[in-house]
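Okay, here's the structure, questions in a sec.
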Amino acid sequence: MADTIDERLAALNLELPSPAAPVANYAPFMIDGSRLYISGQMPVGPDGIAYKGHVGSDLDVEQARQAARLCVINVLAQAKAALGDLERIEQCLKLGGYISCTPEFIDHPQVLNGASDLIVEVLGEKGRHSRLAVGVSSLPLNAAVEVEALFAVK
Amino acid sequence: MADTIDERLAALNLELPSPAAPVANYAPFMIDGSRLYISGQMPVGPDGIAYKGHVGSDLDVEQARQAARLCVINVLAQAKAALGDLERIEQCLKLGGYISCTPEFIDHPQVLNGASDLIVEVLGEKGRHSRLAVGVSSLPLNAAVEVEALFAVK
Amino acid sequence: MADTIDERLAALNLELPSPAAPVANYAPFMIDGSRLYISGQMPVGPDGIAYKGHVGSDLDVEQARQAARLCVINVLAQAKAALGDLERIEQCLKLGGYISCTPEFIDHPQVLNGASDLIVEVLGEKGRHSRLAVGVSSLPLNAAVEVEALFAVK
């Protein structure tokens, strides 16, 4: 694995976007001493929400996995905006993953692995995290997935 | 903006209610050093849950926004019970907003602005927070909205 | 009440299982100084998920209460794996309870009391916690209930 986070991002051919502005009256992140709270991030790409609808009917597992991956790219973009340098991350303590899905959908773990796998690829051991995975009836702006994060930082 | 939280509450013509007792075997809040965790609060008024049902069918966005605002009033009532004085709040670190809604509902941000706007009106810059917004299939006692909060306190 | 946690577990005739491995690429818990984050736990028994489906149609309140209790047994098993000794717990700061249920279901508090009651029985005053209770459209592997936890530890 490459030595620095920037090298790993480059190896993944991944450029972090400008962090999305909150869609309402709140902050995209809050720093409290050695903790960084990242607001729920949507699968937003250059043209807005890239994955809309309900997993299990409108989207399949692979599309939803890509949506979860994109949410984490936006989590990392917010973290970079908050910290200046992602090397200040000590540990990802928790990812909360919310999947807009049908009541019959049960493959949440595979979907959220799109988020978990990427954050470990980028941050290495510091990307290992506890996780919450639930299926919800709908998400803001019809997003298919939403991911929030908590980091220990220096 | 008025100088103290009490003056701002008065300017908003807002009197904090007696904090609601938990509807089950748990604590309405927990203090851990410099952190205050507030249990999920319902839109409870003098006569019980004031906003019931699913947003998008039983309630419209404006009613749901009022419900979210009422949840935050109850969050503040719990914080006052926990701290004695709301001036002990250093920062609202996070609001978690859960909206009981139809699968087709997508206006979660507008609804939760009822919560975010009020907490900023009352606490000023200390009211700025990270946020999670999701739509859920149902909430305790048929409440339309539930809001939990995390504060840094002194 | 018995003096030690082990004595209370024995009085409840409760043997903690081997902690379940995560069903995907994440950690079952993360320790950050004096905080222990436990990933969302399912109602897993010796033969896998013991309570499946939606509360309000597939399961009744009592079955769901047993599911919530089993989730907390798995929370405690993870905490023991994390800490070595449950006596290192200073306080349960928060339980997050997610119930897979029909849109008409409103008895979330009774269900999650299965979780809250057990953790107080086992940990005593240190088991008292703030709580979030929501109803969701579905959960991983068709589980009926999921419970995450945050502890202050020494």
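When the chains are written out, they are named A, B and C in that same order, and each has its own residue count from 1.
Just so it is clear, contacts are C-beta pairs under 8 Å (C-beta built on N, C-alpha and C of every residue); 3 or more make two chains touch, one makes a residue touch a chain.
Given the structure is predicted, the values throughout are model-derived calculations rather than measurements.
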Problem - Copy pair subunit A, subunit C: interface residue numbering same or different (half cut) - result: different
Problem - Rotation angle (°) superposing Cα atoms of subunit A on subunit B, nearest 5 - result: 120
Fill in the blank from the handout: Taking each chain's centre as the mean of its CA atoms, subunit A sits from subunit C at a distance in Å of 25
Practice task
Any chance you could list the residues of subunit A touching two or more other chains?
Solution key: 103, 136-137
Handout entry: For the subunit B and subunit C complex, residues of the former touching the latter
Key = 22-30, 32, 35, 37-40, 54, 96, 98, 100, 103, 136-142, 146, 148
Exercise for the section: Using the touch rule from the top, collect the residues of subunit B that touch subunit A in their complex. Expected result: 91, 93-95, 101-110, 112-113, 116-117, 120, 128-137, 150, 152
